[in-house]
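As written, the chains take the letters A, B, C, D and E, and residue 1 is the first residue of each chain.
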């Protein structure tokens, strides 16, 4: 009974975590839909200078409020018509994508850094650090973001930078909350104890043991916060305190289209739908990533 | 609606209270005109002064006027209106520490005294050319009641002698007016509509929807595009009416950094040439808005169009800029607080001649603060002259050396001062003309256009607006 | 329990203090409010007088401590704009906002909990898809846009509902839907995941092993446990609605605190803005406290130590 | 026992560790004495088995030995030197852990190679180029194929993961290895592999083990001496034969009686300990075991027993305290 | 007379993305009243799914099939779900592994105990309460009446498991399924609980299926044993036969792995089974144990091995699933000892 080949038991090596994740992402409908929409929007934003049929800032007061091509009076010169100052709506939408995406990502980056540092510190060190961070979170949560950002923007004066900074400084709460609990969970795991017992410095433990393992929730929160920031900027713009014209953010376009709601509804519906699609895509993506990385989905 | 003889109107701003001397807003002025009568009434159509609570008057000298007070007029609470009430009101207004906000019409008063049973003498601090005009704006308060309830009480339960009395005040939310049954035989005429209910609705779309669905009868300040389309829908009537408000770009000609391009006359003139006011008015503002060339509302006393004009001419603008040493233009900032589309249009006009301006869009107060600190290169502003039909309500404020004076032109300041201290109307006119010509020549401003207001009213309502932006509901009727 | 309440009180006080400091610094550092109060046509003298009258020319910290001192006695000062005590102003308008918030959260709960439960009970079914769609849409729809669309459809094209005012409950339908829809996704999701988790729990298997009817298992054993985090979330969402009410109240012309806050910001009515920020944060803290109590009551592990 | 002139590799002196725990949201915090005065000596080459019920403080004790938890009182000495004078890094060179759960003790984001290399890179041993060789030798020693060097933990079976954990613990060649229930998460067939490996490595590398386990059969098989823990204290300690053949403490007796060996027909013994496990926050007065002790006397309810040496075993029980018995 | 529970060729399949997971692959056994069957095997071999499939409590996506699945003559494979739920908890009861999580934290144990009786019997609340107190006393809980108002989190693990036992007994079931009832407990408590279960089973004359991975427990508790490996029963028989004459290489291997105080020599290497359990996903050919078996020969890799019946008493169900001859097996076993 010697010369037979038995597959070595140890040979059963499954896919790496990365491979499995990729496979699950590909298999997840929400993620794919979200990713495709988002990719289209991002492409639109990046390629705006090449694709846009007109300059988004060139006005033509004699050619105001041209309806989109599919309605009476529309033409292919301005496929989505023109706005109240005769600017090409499609071109503005494309450049608007740049602004809205920039706001979303820049804000998420700023607040992400603040929130993650706070959350990880609280979760890892516990004790007084945790008390302070929890207190700050409570303070932050008890102030309505929109109210505070309105106040600040109204007082400081609104501009792209101000909006991004203000939202960035305000939207860290969810990061902090999620990172705190994720860190607490990871921190109690044995591999952290093992690293500690191996003599790793606190810094090294935080960076190489904790951070990589709280990445999943971090990504989920980050995507959702991008959506949150875009939405808030739209609300600020709606109330007249978002980015400054002639920069075309989608929120601002909705706000400008507001005056035409009842009679030229497309002026508000088109950017509204774009914004909706963007938020939908980001949310689908975020939810999907949450699903895909959720522990109950491991099998 | 017509059915319940109630006129439902909406404003977009909250009315803090109904005490006319403690509210400087447009709405306060409107309320004041309905609830309080002044001694004299100025006919908005002709500009003539007519007897109201005073039956006759006599200008004694430069600073003094005597008035005969009408008999048998009742306040809304039933008390009779007497000369004592008049004296009390004027003296109250003359007190520096009374806390009232609306001082423009009252800070000329030195004192008032009773000089006969029904005769009152009012003395001014200085020569006051517009004294009569101011008197028409000062409603008479009931002495007894006001002493009793104070300013706050007055704000919540106002009492006057006007054609409408206020029956309910919910600060910021709604006001209810009722036609005053005992209204005297005033030149204003008796009110026709029984009740007026005012509500605050901040969102214009909501206002329009409420109007279209019959829950409102009267709204105003409807954007031009929306107004045109509403009119076309036939659901409501639209009236486009003039106002005293004019728009302008204030150029910081004297302040700012030493090398500020705006200190150069040529640059300012270039800006004047660069802006296509005509195009903006024709395509964007529309209605009956007119292009203006001087720093005042054309119908105001003292206003003249006989000044240097700057037709739209980008090429010339560029040439002027080049002459001034800015062949490639320059970067600057444009402050603005309303009418975003118009400002964006001007921004693009400026950009076309090489002036790249950032738009700093903010609150009025913030803009004005910055302006007074000299931080603002160009501000896009408007001025409504408090509905006063005289350039005295505009020129001294912006060119008379007050904080809003960016030109700081001592010559102009001198002329304006002279004009303010004489009662000789021709002389005033000449002085104002001189000032306006210099202002235009120096291009301290870019005067743009007059503002108009769109009133949207229900088809059953008969309403005539006036240029001073004071709707007079006592003249409104159901059709 | 007493100690716990006291601790929460101290935290609440500290939060209030921090927030008052933030709001104070924020608002006062940003410029001179006197110009605003004076209004468009005021002259320099009037502005000076106001500056003097309100004490804007005193050092900031002095103003702050004076303010805190008065606030501790329940006096938040007088509204620059309305010239009435801010406290009166806020309490007059709070009922509208709270009413709106409560009806909105009720709407959200009524919509999302049954859907969440069904979605968890029948994962990947049509109900689940529907619930998912509703929640994803809710997350992606800017509330002002939604509000305007509702007005366009239900007040303008088909005039069924009033678009402004707060006289009757009919006036609250659209605002409630808009505001409530905003909170729906979060609550529905939490219900769904909570239910999914609970349905997979060992004690549910135990209940089924006892032969209990599916209905009893679902509602008595599962929902009771899944609902606990939902309670907290609902309270938090109600707190968030205070912020959301700004937009909704503005559009539907509801004269609540949210709209007051926004208008006060525009009018530089600093005492009002400060007081509202403070009141909002206190409401939030009270809400979370109540949620904790309710949780404790629902969860014997907390109630019975 | 061992040569007294050489200090034990590991010694604890009156070690205490108290946590402040909250029982309910509305309750104030109360002290929980997880480790309540443990004095132990472990000599070089020994295997000390530590047994006791769940929650009696075994893991806490292990964490203190590893320097992961600060004791509230008392000292840990390595080779006679107090560890309070050491940095964590210095402790790490001498004492290494093996944890119970091979699933949570490996960072899922790192490859096996990185995980085992970690101690080397932390301590900067040798030049980085040599690390891979060292690690592969260690892997080989622990029965891991070289192929898994670049694999991730989730690609390995439980037994293999535990081997990785062992390799990581041993790559720095520590003196003492603390094994906290190293096999209780594993199936029997794998458990025996790991136990054999631990035995082999001990012989090869001259290691000293502290082996924590609730499986008395495993402890008997592995340990040279055994300590029995109850509610934060060592109630009996002796070398393995003595303890298993002549248990002194009633708790040790009960534990031994409860061991179910695969011998059919013997039935299940009734250890006659009550059903209630005392709450560690409110430990019973006197001897903490008296509530469950079938041989409890009056004195046990009031007076805590003192440590005694009886027939080569250290035991804390009034039954063996002559002075008390004669008084009774 | 037929046995209380008869299972023939029970299969449980779970469809997964990568293919079907054949968790239980055709197992057969019988349990009679008053008899204890122990199912033993390593983690993941399908023990829990077997017991859950008997109770019809499988996870929604799992599929069950069997040639025969009869409880007291009732064909469980055919009864309606509602009829099944009438049997469940009533005539068949189950005790789970995790006492910490198997009780609903939101309700008092009294409530949870009474609920079972109120569901199946037409009794008043008071009667249910009395029965609950009676059973709590029976399982050795002191102060039973006062315990009814307590919540699960107020009880220790051992007590909770006693409550679980009492709950299973509420309706006086004829068959008890216990899935690793003591794995989460300390050794001393484990002994107590097992002791208790045996006593109660004797007293009530119930049939019992006890699932465990601990051979020690099997040896002490079982009447009959079924050793499972990779979803199949690889060896079965009475407890004495299996422990004294293990036939299957797997059983032999398992027994060699365990240190036994006094028998195994301290410090000597233990026996071990190399390798790991094969994946149960997809079709499997040959003997599932082939890749770990020291006696594997070519046929093992290709032939599906049936369960060979053996032994003197056919009712004892002695059988083993190995291609080696009986003689060979016995010799191998001797080597072990």
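Keep this in mind: a residue touches a chain if its C-beta (ideal position, glycine included) is under 8 Å from a C-beta of that chain, and two chains touch if they have at least 3 such contacts.
Which chain is which protein? Per UniProt: A = Peptide ABC transporter permease; C = ABC transporter permease; D = ABC transporter ATP-binding protein; E = Peptide ABC transporter substrate-binding protein.
Just so we're clear, the structure is a prediction, and the values are computed from it rather than from any experiment.
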| item | value |
| --- | --- |
| Shortest path length from subunit A to subunit B (each step joins two touching chains) | 1 |
| Identity of the chain that, by mean CA position, is farthest from subunit B | E |
| Gap in Å, rounded to a whole number, between the CA centres of subunit E and subunit C | 53 |
| Length of the line joining the C-alpha centres of subunit B and subunit C, rounded to whole Å | 39 |
| Mean-CA-position distance for subunit D and subunit A (Å) | 48 |
| Touching two or more other chains - residue numbers and ranges from subunit A | 10, 12, 154-155, 258, 261-262 |
| Multi-partner residues of subunit B (each touching 2 or more other chains) | 205, 209, 212, 363, 366 |
| Per-residue multi-chain contacts in subunit D, two or more chains | 157 |
| Subunit A-touching residues of subunit B, taken from the complex the two chains share | 204-205, 208-209, 212, 223, 225-226, 229-230, 233, 279-280, 282-284, 340-341, 343-345, 347-348, 351, 358-363, 366 |
| In the complex with subunit D, residue positions of subunit E that touch it | 42-43, 140-142, 156-159, 162, 186-192, 194-195, 198, 213-222, 239-240, 243-244, 253-261, 263-264, 266-267, 269-274, 276 |
| For the subunit A and subunit B complex, residues of the former touching the latter | 57-59, 61-62, 64-65, 84-86, 154-155, 157-159, 240, 244-246, 256, 258-264 |
| Contacting residues of subunit D [partner subunit E, same complex] | 53-54, 157, 159, 187-193, 195-196, 199-200, 214-218, 220-222, 240, 244, 254-255, 257-271, 273-277 |
| In the complex with subunit C, residue positions of subunit A that touch it | 135, 138-139, 141-148, 150-152, 154-156, 227, 231, 234-235, 238-239, 251, 254, 258, 261-262, 265, 268, 272, 275-277, 279-280, 283-284, 287, 296 |
